[in-house]
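Each structure below is given as C-alpha cells.
You will see subunit A twice below: alongside subunit B first, and alongside subunit C after that.
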Partner chain A sequence: MRRRWMIVGLAALAVVLGIATNVADARLLPYGPTSSTGAIGEDAGAYPFTVHVSQAQAAHTVLVCCRFETPPPTGTDGVWVVVTLSYATADRPRGASGTGLVLRSADGREFPVSNRTGSGGWLAGPDIWVRGDLAFEVAPDALEGLTLVFDPGIQLYGPMPTQYARIPLDLDPGAVLDVIELSEEQILGAGER
Partner chain B sequence: MSEPPQEQPRPEAEIDTPPRGLPQPEPAAQPPVPAADSGAAPGPGAGAAPVWGAGPPAPPTPQRRRASTVHVLQVIALVVGLVGTGWISSEHFRTVWLGSERDEPVAVDGAGAATHEGLTVSLVEATDLGATPSLPGTDWQPPSGFHAWRVVLDAESTNPDLFACDVALVDGGGRHFVANLFVDSFVDGFEWTFSCGVPEPDDDVPAQQALLVLVPADAEPTAVEITSTGFSSGYIELEID
Partner chain C sequence: MEAGAITVRTVLALLLATWPRRLVLGGLLLVPVVVGALGGFGTAEPRTFDVAPGQDVDLGPMVVRPIAFFVSDETQRTTLEITDGAEAWLGVVVEVENHTEEAITLTFPGPASDALAPQLPAGTLVTGASVAKEAYRVDDGTMGSVALPGVRTQVALLWPITDADAVPDVLPASMTESLWTFGPMSNEHQWMSLGDVWHVELPRTELPPALFEPEEDL
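The block that comes next holds the complex of A and B.
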C-alpha cells in the first residue's frame, strides 16, 4: 500500500512539474510563449523582433532588382516563393540572419533563403520597421502547407529558449506566376507594415 | 461433492495455547513487560515462558536489513541526482555570468565629460530637428512618424586601438537609436561615423562631430551612449539635460 501511494505521489509530482513548466514558458519568460503563431497580415512576436508578412507568392523566375542594370530573370529547378516581410525590434538595431529564416513544409522539410538573390535579411531598429522581399527555392510538391519560421536565434537570457514565430503562408499550388520582381528594402513610416 | 475429512485440524491448534487449568491472562489490562525485568513476585506458573505477552524484540531479519539498505541507496541516488541536475543547469551561470564583468557606464565629471580607456567625450548638443528638418546637401527626410535628431560630441582620444565608436540615443524604455543608421549617410555638416581614435595628421575630423539619428516621434531620449568593440568593458553614458 505504501509503495502504491509513493507511485501515485511521484505521478502527481510529474504532472505538477509539467504544469509549472508550461506556466513558466507561457507567463514568466520576458517575451511570452516560446512559439508564436501568426498569419499573413498580422504582427507576430519573435522577441526581440516583431514580424509581419504582408504577402507570399510563388513564381517560376525572379527578377533581382539592382541600381544600375537589370539582370535576366533567375530560374530554378523548383519553385520560387517570395515572401514580402517587414520587421522591427524592441530594443536596439538588429539584423535577422538568414539561418533563422526558413520555409517549413507540411512534412517537415526546411528551405532556407536562397543565396542567389542577394538579400538574406536586413537591419531593423527599435520600432523602426523595414520591409523587403525574401526569396526561397522550394520543391514544387511543398507549396501547399508552407510556413515561414522566423527564429532570431539570439541568447538574450543565457540558456533560456528564445521566441520564434511561425506564419502559415496559404499558397495556392495552382497560382504560380511567371516572374516576380524583388523589391529593395524600405524603411517604413510609423504604423506601416 | 466429496465429503470433508473427519479430523480437520483447528486453526488455533497451530499456535501455542496455555496449559489447561491456568487462568488466561488479559493482554489489554497488563502492560507487556518482559518477565525477566518485571521484578514481580512469581505467581502460579512462574518460570514458564510468557505466552500471550510480547516477547523480547526480534532480531532484524535479512529481508528487513536489505530494505533499509535499499532506502539508504535511494536517498543517496536522490541527492546525487539533485546535485547533478543543479550542477548542469547552472553551467551558464558558473561559466559565463560569474566570469563576465558587469557592463556599467563610467563616471561623468563635473564638467559633463567622461573618460574611458583613453577616450574623453562630452556632449555638446542633442537637439530634436523635427519631422521635416532642413538638411543641407540632401533631399532625405525622415519617414512619417519619425524625427531627425542632431547629436554633437566633443572627443579626445589617446587610445590607439579605437577607430570608430557607436553612438546611440537611449530613451526611458531602453530603446537604442543608433546614429547614422536608417538616415542618409551624406548630409553636409554631419559625420558619417563617430571617430574616436587617435587622429592622424592628415585627418579632417573636426573637434566637435555632429551625427544624425532617426528617432520615433513618440520617443524621449534621455541619454547618449557611446560604445565600442575596442573597449574591454563598460561604456560611456552622457545624460541629456
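The block that comes next holds the complex of A and C.
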C-alpha cells in the first residue's frame, strides 16, 4: 500500500514540476520580445535603434521622390499612410530591415512597407540620426487605430530580452490628403529629430 | 515476485474488476465494429468545381477572381530577354483579396503555389513551378506582387513561356484551396494545398494598357 502511494506521489510531483518549470520559463526568465510604447514626437527605444516618429499622414496617392523623371502619382487600392520618422543606432551603422517594420491595425492586421515606392528603410549610425519617409498601403477600414511596429528582430547575445517599439499614429480617417510627396532621406544635425 | 508489484495481470484485474469497467472496455472494443458496420471512415476525396471567369473563388487565405488571360512580349521586356528560353509572357488577370492578417507574396520563390496554375502543354511554361514569376497591377503597371490584408487589387500574374502559339484561345486553369502558413523548419511562409480544386476556362484578352512597355530605341 505504501509503495503504491509512493508511485502516485512521484507521478504527481513530476506533473507539478513540469507545470512550475513552464510557468517560470514563460513569466520569469528575461528573454523574448518586450515592447516599449512611444508616441509621435517622442524617442522610443528598440535596441539597438532609437526611433522618433515626427508625423504620420494618410493620402490617396504618393509622389515618389528622387527619380530622374518624376513619375505620375502612385495610386493604391487601399489608402497610403506616410510615416515620417528618424532613427539612430546605439552601436554601429545599421539599416532597418523591411520585415519587422509594419503598421498594425487595431484588429491585428499587419501592413509591411510598400514595395512600390522604392524606400524601405535606410542606414543610420551610432547617434547619427537619419530622417525619411516610409510609405505603407493599408486597408481603408484600418486607418483608425494604426500603430507603427518597429522591430529590429535582432538576437544580439542569444536568449536575452529583445526590444521593439510601438508607436500609435492617431490618424484621422476623415483627413485623407490627395497626394503626399515623399521626401529624400536626410542626415540630421546634432539634437535634431 | 515482490508483493504489490504492477504486472500485466494486476492491471487486467484492475480494469476488469467491476461491471461498469467491463462495460466501458467492451464498448471501446466495439467502436471499430460499429464504425465498420456504418460504412467505415470515407477517404477524403478532393472536390472539384467548375467556375465561370469573373466569379469569386475563396481559396482560404485569399479570395481570387480569375478574369482573363493574354499572351504578350510587350511588357517587362528586360526580364523576358534575360529569361532563358522565354519567348513571351503568359499573363493571367486576377483580382485578389487577402483575408489573413499578414501580407501574402503572390510570386514568392519557395515551393509552388497552386493558388492559380495555368494548364498548358508540357514544356510551354519555362519554369516547372506553377507559381507566377512576376505580378503587376493592372491599374498602373507598378509592382503587384504583394496581396495586402483587406485590400482588393487587380493584378496580372506573369509566367514566361517558350511558345506563344502553343497557348489555346481558351486557357484552362486550376485553383486549389490552400493554407498560407509559417513553416518553422524553413523559417518562411509557404503554401500548403488542401484539396478542393476549382477549374476555370479563361477567355483571351489584350495586354492591359498600363502594362505596355514601348520598345527602346538604342
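The definition used in the following text is that the second predicted complex is superposed on the first by the 158 of 193 C-alpha atoms of A that agree within 3 Å, B and C clash if a C-alpha of one lies under 4 Å from a C-alpha of the other, contacts with A are read in each partner's own complex, and residues count from 1 in each chain.
Everything below uses one rule, namely that a contact is a pair of C-beta atoms (placed from the backbone, for glycine too) under 8 Å apart; a residue touches a chain by one contact, two chains touch by 3 or more.
All of these numbers come straight from a predicted model, not from anything done at the bench.
A.B. asks: Quick one: subunit B and subunit C on subunit A, clash or fit?
C.D. replies: fit
A.B. asks: Tell me which partner A:P93 touches in the superposition: subunit B (first), subunit C (second), both or neither.
C.D. replies: first
A.B. asks: Tell me which partner A:G189 touches in the superposition: subunit B (first), subunit C (second), both or neither.
C.D. replies: first
A.B. asks: So in the superposed three-chain picture, is A:R166 touching just subunit B, just subunit C, both, or none of them (first/second/both/neither)?
C.D. replies: Neither partner.
A.B. asks: If you stack the two complexes on chain A, which partner ends up touching A:H60: first (subunit B), second (subunit C), both, or neither?
C.D. replies: neither
A.B. asks: Quick check for you: in the superposed arrangement, does A:P126 touch first (subunit B), second (subunit C), both or neither?
C.D. replies: Once the two structures are laid over each other on A, A:P126 reaches subunit B alone.
A.B. asks: If you take every C-alpha pair with one atom in subunit B and one in subunit C, what is the shortest distance in Å after superposing?
C.D. replies: Nearest C-alpha pair, subunit B versus subunit C: 6 Å apart.
A.B. asks: Would you tell me the residues on subunit A in contact with subunit B in one complex that are also in contact with subunit C in the other?
C.D. replies: In the superposed arrangement, which is not itself an observed complex, subunit A uses no residue for both subunit B and subunit C.
A.B. asks: For subunit A, which residues count as touching subunit C in their complex?
C.D. replies: 1, 3-4, 74-78, 107-112, 114-116, 137-139, 141-142
A.B. asks: Which subunit A residues qualify as touching subunit B in the complex?
C.D. replies: 90-93, 123, 125-128, 130, 158-159, 187-192
A.B. asks: Mind pulling up the subunit C residues that touch subunit A in the complex?
C.D. replies: Contact set of subunit C toward subunit A: 4, 101-103, 139-140, 142-143, 145-146, 148-154.
A.B. asks: In their complex, what parts of subunit B are in touch with subunit A?
C.D. replies: Interface residues on the subunit B side: 91-93, 96-97, 143-146, 168, 174-178, 181-182, 214, 216-217, 219.
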